[in-house]
Structure formats: structure tokens, C-alpha cells
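Two complexes, one shared chain (chain A), two partners (chain B, chain C).
Moving on to the complex of A and B:
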């Protein structure tokens, strides 16, 4: 019916979001319901347009090329701005659209107590449009512009609740470090232009192939772009501002950040390393990405263990999970790339779910401090179940999607170690396993101190959140379970097309610049050794876990006992609700432990490390800027030493 | 001549980053961000410039073979980049004003409620 019409869908999807942003400004200032209708309509239309592309691009393997204003290339030189949608783009666009729509639905009720909501919806649509434009575009400078719009909208949204503690300083830090990252991207882009005299990614890719790609100019450009996109995906050492921003932003915005803003950075890194520079065959680049990814996942999870705020803890977990993704895509194998993409998708789902649970807790209790909360399972049983699904997914327990992708990542790192006889990659596998265990530990801590145990005064008046807020949470929870059970379907429908698109550079160039263009330029596809996938069959585990899960859930939600009783605060007596269930300390002198302090022994043994890390995350914007500059200098130096 | 441009642009970028990383006054941090922008803009214009080239303003009939003009694309990019840089500065300064009202200081070492 719509034969051939779908090539216009990507650009329309981006335009609808920006148009919605302007319409909200014009018509939505006083009309409370109209602005909601405009925002949700724009998000839904955009969602439908992108999801309609699954069939042609993912299943039929087409590559859509679209030249703005029909400025097609003349004699092999790209003139206009082009959109090019292959499996890799579309995969990330699908994640972005799902995040946009679910966050929009959630914010309808979640944000209703705030004022100036016309600004909120405008910025929300601007952020959405910018991220979608970033992942769909085929033009390097257009990508920079979209990154800048994204940064602006993200900074403004971080400061949206500027009466909360830290919102303003978080947004200032984000702006300083983020604009340093943007400057790196711009400098890298222009150096590529100096070398190639074009900004179209397909054409650049055809010019930078082989040994002619490695001039000093392009090496510097590689280092600068790597740093710039690294800042946008919040890998270590560019991560501290992200933790602040996730904490201070309204929760629906934190979900946008962790669901799509850092995925946009990851997408840009994949596109740059795999397609534009075709550098993933070089062992030094693989080592760099795997090294940074491993450090990121370890630092993220250890910092998360030390947190006492629900959202800040989730923020550090978000950083840690991006470390998994970067490690996996850095392996340069088909299996590694597939598992990295799978984990990126799962991270969008379960971290979005967890952030929305934190938002639900904030909505009904007014605080996210782990030291004040407790016993919410009695007050908010449905949110508790949703949170447990998210926590099981992120910790990698078998029936859920986090298990499937983490299992693939262990396999791919180990396969890489076997293939290259390099013990370092086996070490990465071990670190990934240890980090997964620490993730589980940290979520046990959160579950105990927020949802189980005695009801604290802060949680005494909590009520279950409205259905409109639980709906997006349920959608993501169901997706978490389905993604884990039907991983093979996800693999065939989404991941394999996306990964093979990233590896099939010649097709990317030919579809944009005309058939045979890549062959003339001498581009060859990246040699990626696909290892055979051997999964654990998770169905038996699913049954076991469902039984255990329901047994535990029944006891937790409907069990009688002292739990759920509100403790009265009496004068002169410290309330001890949080310090009831666990004991620690010397054998002769047991002392009560709060749920948020479960792993005090671990923290005590590693106190040197924890003290050092907490001192490093000083909260001073100069330090974070210095981290970013030193990180950038390291990457550029590494590039020049090992890639020449 | 062009070498001087490149040297100055790199110098400006490094100077700006130094200011961002070392100055504790938030206004100076914003100025540092501005200086990085100027450095990058100078780099862009220098890349598009060719010695002896004319301005790239032609109508179709005027454009002869052998016409030599500077590359117009980097100039367009610079304009975009300048506009973006101005927006960054405006936004950062407005945040500084808000921070001053809330914290009663613009010393970045004292604005660190979110840490650890």
C-alpha cells in the first residue's frame, strides 16, 4: 500500500518531534491538556513511523538513503545532507523511540505537580528529536548539531526542578564537561573535513579505508572524536557529571538519559570505529575500547556500592552497564558486537524500569534516600514486584534478558581470549563476572533497605502510584521477561541485522553513493570472525525461578508478621526501624546494621580504594573537566603511539 | 601564514581548557569555554582558507574555469558553531546567576553538594 513511501519516514519522525516542541510553545502555555495531547501525539506518530521501518530494513535487509531536498551526489561527491538508515541506525532508533514514548506516558502523571510544564514538554520533545536525528543522520556535521541540541535540552531538563538540592550545580557541571566534549567532536569533525573535503559519512568511510586513512590528521581526528563521543556516552573518566545529572533530573528525564542519551553516544562510537574509520580490525583499537569498558564497569559498580541515594546508585549502575556494552563492541568480533547491542537494548529496558520505580518511590514518599526509606513492599506491592523484575534483570538472573546478554558477553570475551591466545581477554571475562556479582549485591542492598524491613516514618504515608505511571513500567517489565525467554527471536529479528549492517561497510557506502563506489575506492568489509553461539537453555531455569519468585513474592506481599507496622517515633529515642534485620561487628558485641549498610565488611576491607574514589568524585567542576581533558589527552596519545 | 593560524588555534583551545580546569571562579570557567570555542572556530576558518582565494560569491554566469575562491563550507560551519557557542555561554551564565542566588557564591570549590 505504501510502496516506497517509507523512505520519507525517518526524516518525518525527526521533524514531527521538533514540530511538536514548537507547537507546545505556541499553544500549550495555558492549555494544560492541549500540551499533553500535542506531546504524546508527536511521540506516538514518531514511534509509529520508526517502527514501521522494521519490516523493510530489519527483515528485508534494505538500506534507506535519503537526501534532503533531493541533493544527490554529483560525480561522486556528496553535496547535501543525507540520512542513511541501515540495521544499526534503526536498532538504536527503535530503542530511542521506545524510551521517548514510555517516558512521555510516565511524565503525564509524574510531572503533574510541577509548574511551567509547557517548558518541560518543549524540552522533552527537543531532546527526543535531537537524539533521534543523531542516530539517523548520515552526515558528520549534522551529527554535531544534533549533539549540541541534545546537550542543551539535557542541561535544561537537569535543572528543571531547580528548587531541589543540587539540580543547578549538576546542570552546570553537565554543561561544562558536555560542551568540552562537543568542542572535541567539532574539532575532530573539521579535521576529517580537512582530510576528505566532505562531511558525508559514507564518502568519508570510502576515503579513510586501508593505510591511506592513517595520516596524522585523521589520527588526531580519531582521538578527538573518540573522546567527544566518549563524553556523550559517559564512560570513565567522563562519567561523574552523568551521575550528578541522573540524580538531580526529574526521574522521567533520568530515564531518557540512561535510555537514549548515552545510547546515542554508544551508537556514535560504533559508527565511528566500525564504519567511518573501519578501525576495529586493529588490535590497538580493540585493546583501547576493551580497557576503557572494563574500567568503566568496575568503577561504576564499586561507586554504586558506596551510595546512599536510590537514584544516584542507579546512575552509577547505568555507567557500569555502559562499560559492558563498550567492552563487548570493542572486541571487534561479530559475537562481541551482537552481545554489546543486545546488552544496550536490555539496559534501556531494565534501567528505564528501575528509574521509573525510583520515580514512583519519590512520587509517593518524597525522598530517595536509602537511609530514610524502608518497608515499601507493604505499601506499594505492585511497584515492588516491578522493581524486583528490573533488579533481577540487571543482575543477570537466568530467565530475564540481562542474563542472556551478559552470558553472550562472557562467551564473546572468552572466545576472543581463546582466539587470540591473549590472557587479558580472559581477565576481562572474570572482571565482567565479578562486576555482575557486585551488581546483584548492590541490588540486594537496595531491595532490603527500600522495600523490605520495617516501615520507616518517611514511608508511612506512601500509597501505590496511579495506573498511568505503572503502565510504562509494566510494558518494560514484560519486555524484560520476553527478551530473556525469546532471545533467539530477538537475535534473528533485531540483533543480527544490526550487527551485520555495522560490519558490512561496502553496502553502507554503495547504497549512499551509488553502486560500485566502495569497490572503486578499495573498501573491504571488516573481517569479523563469528563464533558459534551456544546458549544455555534458559527455559528450565525460567520455570524454577518463576516458582521461587512467586513463593517469595506471596510471602513478601501477603505475609503477616511484624513487617508493615509503622513504628512510632518517641521522644529522645532514636528510631531503629532500619537497624533491625541484620547484625555485624565483633562476635561478642553484635550491633544492628541498616539495610543500606549490608556490605560494610567489604567496604571496610577495601576502604583505601573507596576513600580514594570518593575523594576523586569531589563534586568540583574543575576536577571533572580535568578528568575529561586528561582522558582526551590519553586517548590522543594512545592513538599516536599505537596506531601509527 | 597558515601555520601561525593553526598554532594560535591550538594555543587558544589549550588555554581555554586550562581555564576550565583550573579557575575556581565560575564566570572564568564560562570564559574558558568561550575561548575553546574561538580556538575551534579559528581552526575551521583556517582549514577552508586558501591564500589568494576570493570570496565564494558567484552567480552561475560569472563562474569561469580557473576561478579560485576559498572553501565556503567551513565558513557555513563556523557560523553554526558561533551561534551554538553564544547559546552555550548564555545558558552557562544564566546558570551561574541561579547558582549565585542559591549558594551565595560563584566559587566552584564550594558548589559541591553532589559528590562521592
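Moving on to the complex of A and C:
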């Protein structure tokens, strides 16, 4: 009955979101519930439209091409704007849609105390539509337009709670650095257009890699686009604005940022490096991506160790995890790409969950400062469990999903190291493993200072958050567990189609430009040497789960334990602000008191590095803009030196 | 049937029961050896069993500030995860479960007990535990780097991240310990074991004299017993891992005899990396511990890694 109808779904999904944004403006200014209904309906319809594409695209391996206004290519030249959905787009679109819907559900209660909510929902839908459009489009300039909408909606949302300290400042930084990134993208797009006289990505791909090869102009365009998309995915050295923006934005928006905005940047990088330029076979490009990815993951996690604000800590972890993704996709192997995509997906799930936990803490206590919070596990037991699931997932403890993807990443980096006999990749594996331990350590710090310990005054009146807020958290937590246990299913249903779509460039070109187009242009698929991956038996894990739950349940339910009594003298007394001896972060960094810092033993040995990092993250927007420009210059220089 | 076999493996051999009994025996050996070196008589070999069963029967007190679920669940998860780790380690040449990259699985499973100690201590809400957590975490970051490098060095030498392949390689080419390029890595792993198991001089997290057992300060009764068991099991698992990595080529043709030999080697290793340092060293400071692991031990491991890379 719906045969063939689904080719309209992608464009409708984007339109529904933008339409929702305008409807909220028109009807939702005073009608409180109407605007909620509009926003959630738009998000749900869009969600359903994209998830309906799993069957044809992921399982049947179709590629949907859609020409707006039916402007099909004329004598081999693409004129109109085209949408092209293969496994890779759809994979990212699925992540984007899940983030949109869950964040929307969470916003309903979370944002209820704010004013001007019509603007919030408008911007939220604009941001969602822009990211979805960016991911689905097959047109380079359309991509730039979507990046612009995305950046400005994101800037406005960052400043939404503009009465809080730092919100305006953060959004201004975001604006400056984000615009610099957009300018890089625009410049790159212009150069490509000048060279190829077309903006369709499939056609550009066939032209750049077929007859012409890489000319100096296209090399420069590569450097510019790489930098521009790098800014959008917040890799080092473009990251410091991200930390500020994630902290200042409302938490449901922080989740959007880490769940889909930086994934859009990652998607654009994959699309550019694998498909448009087909550059992943070149060792120099692999080295560039792996180098930047490794630096990103290390800088992100070490900065996170120094934080003393819940959301800021999560922001730095976002940066660090994107480093893993970039490293994995930079390997240029099928296994690397698959594991990178898997980690991107897992990052969306567990980081979304963690941000929502931070939001729940903020909602019920009014602060996210690690120094002030404490003992929330007694007040908010359900949030504590959710947080622990998220924390174990991001730290990569088996059997959660973070473990499965990290495990694949280590395998792929080490396989690459053995294959190329390059000790550099072994070093990358070591860094990745150590970063994972540091991630764990930093989340233990959060667990210890927010959820366990004694109840602090700030947390004294906290209450469990309403079910409407916990629902999206539960969905993500369950997905975290299922993704770790049944990762072979995820691999077959989602990741393999996505990875093979990225590697199958000729198919991408042919579906858009007509059969045989790629062959006439002389395009060949990238040769990706993928190591084969075998699984261990998930039944084993299931049994293990049963055993653990049985054992724990037995102990917890029947374990007879007498509650310790509070000693007489401390009863009725106001408890001191925790044991304020061992908390602190950046500001406590120069202190020589060993006890004032949870990671003192570590930081003491690295004090040069930490002092340097503290100086670098000055908070001055001029510095950050300089970083972005220097980063861009480095990438362009590198491109010209090593890719010629 | 598959489920039944898996359950037997997890619960009896080579899982929970086997590791628990073996670990407690090794703990007994350790105590006797330390006593001998300190010119004491020492407890009987089965003293850890007495201790364990006595603790199981004692009253469990949950501190007022504690989170009950996490406080009680942490020791159980620690013990179960160690039992599972043993499934991946080849004993006498064969592991119960094998996969392509189980070396990394083992690495991660080995972090879970430490995390459980931290979470449990954290959940108890005690300030002493707070200090213990801080130390345990830094210690974890310290020994993880050399451990990773040792594992990768061995993996490079063999060309596979699979433990089964590593043992098979040793059957063919002789024990890893007798390849001279791997000797620094073996020494590094010997130095990692006491750190990972938290025995003196690396027992900062549980320093009785300074911070009252640190992470375990509030624990009593059965959960404390579980943590003691966890400690004993961890020593067994780590020494068994060393045996598999560096002495995996010993083969008599009879699997049970191989397992017995493995256990004897574990006993010798316990003397070398637990009893000996315990008897002769004083406790380190935390930043010294970090420095020690990231310079000397990591340097040894890196030496092996580089040598392996050049095909030596």
C-alpha cells in the first residue's frame, strides 16, 4: 500500500520540524499546552518517518535519492537540491531523531519553570530541523545553510537562561567560534563550486576522484572543510567554547548539543573524508585524523578531571568521547569505521542520559556544583541508579554498551598497528585505554561527590524528579544495557549497513546521478582492509546477568543489616559542608594541600601540564578564536605538505 | 544444556568456587610466608577460610549515611566479576571462554573489583573511605598504564589479542619468559600485581595505620567477608594471568596436572610479588606511587613493547 511512498519521508521529516517551529510562533505564544502539543507532535511525526526507513535502507540496502521539485540531473549535471539517504545518513538521522524526541519529552517538565517557552520550543524545533536536514542532504551548499541555521539556533538556546552567570558570555563565544567555523565551511564550498561547477555531493565526488584528481584548489578546499566541520564537532583545538556552551545551556539543550550537534559535525567529516574526497586511503589523512582524535580524547579527559561543575565535567567528556570516534574513523579500515559509528551511537545514548541526570540534579537542587552537592542517593535513589548506568557505560565497564564499542576501537587501532607495523598506532591504543581509566576515575568523583556521602545543605530539600523526566532517562539507560549485551544485533542491523554505505562510493554516485555514472568518471571504491570480528556468546552475558542479579538481590533483600545509629552529639546538628577537604578542580589546582583534591597524587606529577592547560583555557574569546584560526592553519599546512 | 554448562563454569570451575578456594589458599600461603620472614610462627594454612566464615556469620551494620543497595551490592559484584575473569584466563592451556580480543576484556573485568571497592566505600559515606577512594583511584590510574603496555607487548609478540592464541604460541615457541625481549614486560607485570591487588607497599587505599582501612572503614560482617574474599581471589586471578602470559608453555599433556602446576607457580608468584614486598617494604606516598608506575614500571613495559615491535 505504501510502496515507494517512503522516498518522501526524509524531506517530510525535516519539513515537519520546521513547520512545527513556525506553528509554535503563530499559535503557541499564549497557549501553554498547545505549544507543547505542537512541539511533541512534530518531533514524534518526524521520528516515526525516519524510523520507518530502517527497513528499506538498513535492511534491504536501498539508497533513496530525492530531487526537490523534481529537478533531476540534466546531461550529467545536477542542478537542483537533492536528498540522498544511504545507510550512513540514516544511521546519523536515527541518532538525531532519538535525541530530538527524548530531549523534547524531558523539556516538558524540565523547562516548566522558565518564561518565554514559545521561543524555547521554536528554537528547539529549528535546531532539530537544521541538524536533521544537515544529515540528510546530498547538497554541499544546502549543508552549509543547515549549518548556519544550526549554529544560530544553538547560540540562542545557549543564552536561553540569560539571567544565569555566564550564559550570555558562553553564547557569545559560541557565536564567534561557530561563525569562524561556518566561514571555513563556506570558503571550502565556494572553492569546490569553482572547481566542479556543481554542488551535488555525489557529482563532486565523481569529479574529484575520477578524472581530475586532487588539485591544489581542492586540497585547500579539503583543509577548509575539514577545519569547518571540525569546529562543529568540537575537536581540539576548537573545543573550549563547547565546554562553556554545554554548561550554560539548559540541560535538555546540552543533551541536544552532545547528542546530535557534534554528531552532525562527525557525520560531515565522515561524508567528506570517505565519500566526497575519498581520501581515507591516503595514510597522511589517516594520520591527521588519528592524531587529532588522540589529542582530543586526552585533552578532554584530563580537563574533565580538573572540573568541579557537573555539567562542565560532562562537557569535557563529550569532547573526549568524540576524540575516540574521530580516532576510530580515521583508521580508514572497515572495523575502525564500524567501531567509530558504534561509539558515536553509544555516546549519544550514555551522554544524553548523563546530561539528563545532571538536569535532574539541577531541577531538584538548583545547583550543579560538585562542591555543594552530596548525599543525593538518599533523596533521589532512582536518578542515582540511572546515573550509575550512564557512568559505567561511558567508562566502558562490561557489559554496558560503552565497553562493546571501546573494545572494538582498541581492536581496530591495534589491528591497524600490527598491519602497518607502525608503533604510533600502538601508542594510540595505549592512550585510548588510559583515557578510559581516567574517564572512570572522573565519574567516580561525580558519584562520590554528588550522590554518595553525607547530605549537604544544598541537597537537603531535594526530591525525586517527576516520572515524565525519568522516562527519557530510563529509555536511554535500557538502550545502554541492551546495546552492550546484544551488540552483535546492533552491528548487523545498523552499523554494517552504515559502514558499508560509507565505503561504497560508486553506489552512492550511481544512485544519485544515474547508473554507470561513477564508472564513466573512473571512480573506484575505497579498499578497506577490515579485520574480521568474531563475537563471544551473548548467552554467556545473559546468564551472567541473571547470576549477578540473583546474587545481589539475595544479599540486598535478605541481607540482614542493622542501621548504624547517629552518634548523640551530632544529632540535630547542621552537618558541615561535607568533608570539604577533598573536593576541588581548576581553582584548587595550584594548592599545595594534598588533601584538597581527589586527584592530587595524579595532578602533582602533571602539574606543568595542568598549569599550561589552565592558562590555555583562559575564557577569553580572543584566545579561542585564535585557537580556531591556528588549528585551521595547521590543517591546511598539513594538507599541502603531506597530501601533495 | 548450554545454559547449564555455562552456570557450572561460572559457579564451580573455573569460576566462583575454584577461584575462591584457590584464592583463600594462596592468601593462607602468603600469611605463612610473611610470618616466616618476620620470624613469627604464623597462622595455619586455612586461617583465611576461618576468617571468611566467621565474618559471614557476624552482624552487618549499615552506616546511617550509607546507600543500602550500593553498599551491599558492591562486594557481590566484585566477587562475581573476578569469577568471570577467570573464565577468560587459560588454566593449564585452556580457557573456558575465548574470543578474538579477550585480553582487553580481561583488562576491563579486572577494573571492576577496584570500582566496586570504590563505589562501596563511597556509598558508606565515611570520610575515611573518602580519602581511601581518592588513593584507590590514583593508584588505579597508575598501574593501568604499565598493565596495558605489558598486555600489548605480549600481544604484539604473538600477533593476536587473544589469550588462547598467546598460550598456543607458547606451546609452539616456548614460554614467553624465555624470550629475552619479554623479560622487562614480565618484571613490569610482577610489579603491577602488588599494586593491583593492593598489598604493601601499595596498599594506600586500605592503609590501616593512617586511615583506618580507608575504603573498608565502615564495612562489617558478610560484606566485609566478601571484600576479603575479593582480595584473595584477585591475587589468584592476577598470578594466573601472569602464568598464562609468560609461562603458558608448560605442558605435561594432562590438563589437571597442568592446572596443579599452574597453581604451584601461582604460589611462587605470591611469594615473589606479595609476601616479599610486604615483609621488606614500607608504604609509599600516593604521588610517589604514581611516579613509580608511570616511569620505572611503564618504562620497562615500553622497552618490551618497542623490542617486540622490532621483531625481537
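Note that the second predicted complex is superposed on the first by the 581 of 644 C-alpha atoms of A that agree within 3 Å, B and C clash if a C-alpha of one lies under 4 Å from a C-alpha of the other, contacts with A are read in each partner's own complex, and residues count from 1 in each chain.
To be clear about the criterion, a residue touches a chain if its C-beta (ideal position, glycine included) is under 8 Å from a C-beta of that chain, and two chains touch if they have at least 3 such contacts.
All values reported here derive from a predicted model rather than from experimental measurement.
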Quiz prompt | chain A residues touched - chain C or chain B, whichever exceeds | solution = C
Quiz item: Now for A:478: first (chain B), second (chain C), both, or neither, which partner does it touch?
Solution: neither
Practice problem: Have a look at where A:492 lands relative to chain B and chain C in the superposition and call it first, second, both or neither. | Solution: neither
Self-check item: Partner chain(s) touched by A:619 [first = chain B, second = chain C, both, neither]
Solution: first
Quiz item: A:519 contacts which: chain B (first), chain C (second), both, neither?
Solution: neither
Quiz item: With the two structures laid over each other on chain A, which partner does A:637 touch: chain B (first), chain C (second), both, or neither?
Solution: neither
Exercise. Go through the superposed model and pick first if A:430 touches only chain B, second if only chain C, both, or neither.
Key: second
Quiz prompt | Residues on chain A lying within both footprints (that of chain B and that of chain C) | solution = none
Exercise. Note which residues of chain B are touching chain A in the complex, please.
Key: 13, 17, 20-24, 26, 29, 33, 36-37, 40, 43-44, 47, 71, 73-74, 77, 80-81, 84, 87-88, 91-92, 95-96, 98-99, 102-103, 108-109, 111-116
Quiz item: Which chain A residues qualify as touching chain B in the complex?
Solution: 141, 145, 148, 152, 155-156, 159, 162, 165-166, 168-172, 175-176, 179-180, 182-183, 186-187, 190-191, 193-194, 197, 199, 243-244, 247-248, 306-307, 312, 614, 617-622, 625-626, 629
Quiz prompt | Residue ranges of chain A touching chain C (in the complex, touch as defined) | solution = 375, 377-378, 381, 384, 388, 392, 395-398, 403, 407, 410-411, 414, 417-418, 421, 423, 426, 429-430, 433-434, 437-438, 440-441, 444-445, 447-448, 451-455, 533-537, 539-540, 543-544, 547-548, 551-552, 555-556, 559-566, 579, 581-582, 594-595, 598-602, 604-605
Self-check item: chain C - residues contacting chain A, complex
Solution: 2-3, 6-7, 10-11, 59-70, 72-73, 76-77, 80, 84, 97-102, 104-105, 107-109, 111-112, 115, 118-119, 122-123, 125, 127, 130-131, 133-135, 137-142, 144-145, 148-149, 152, 155-156, 159, 161, 218, 221-223, 286-287, 289-291, 294, 305-306, 309
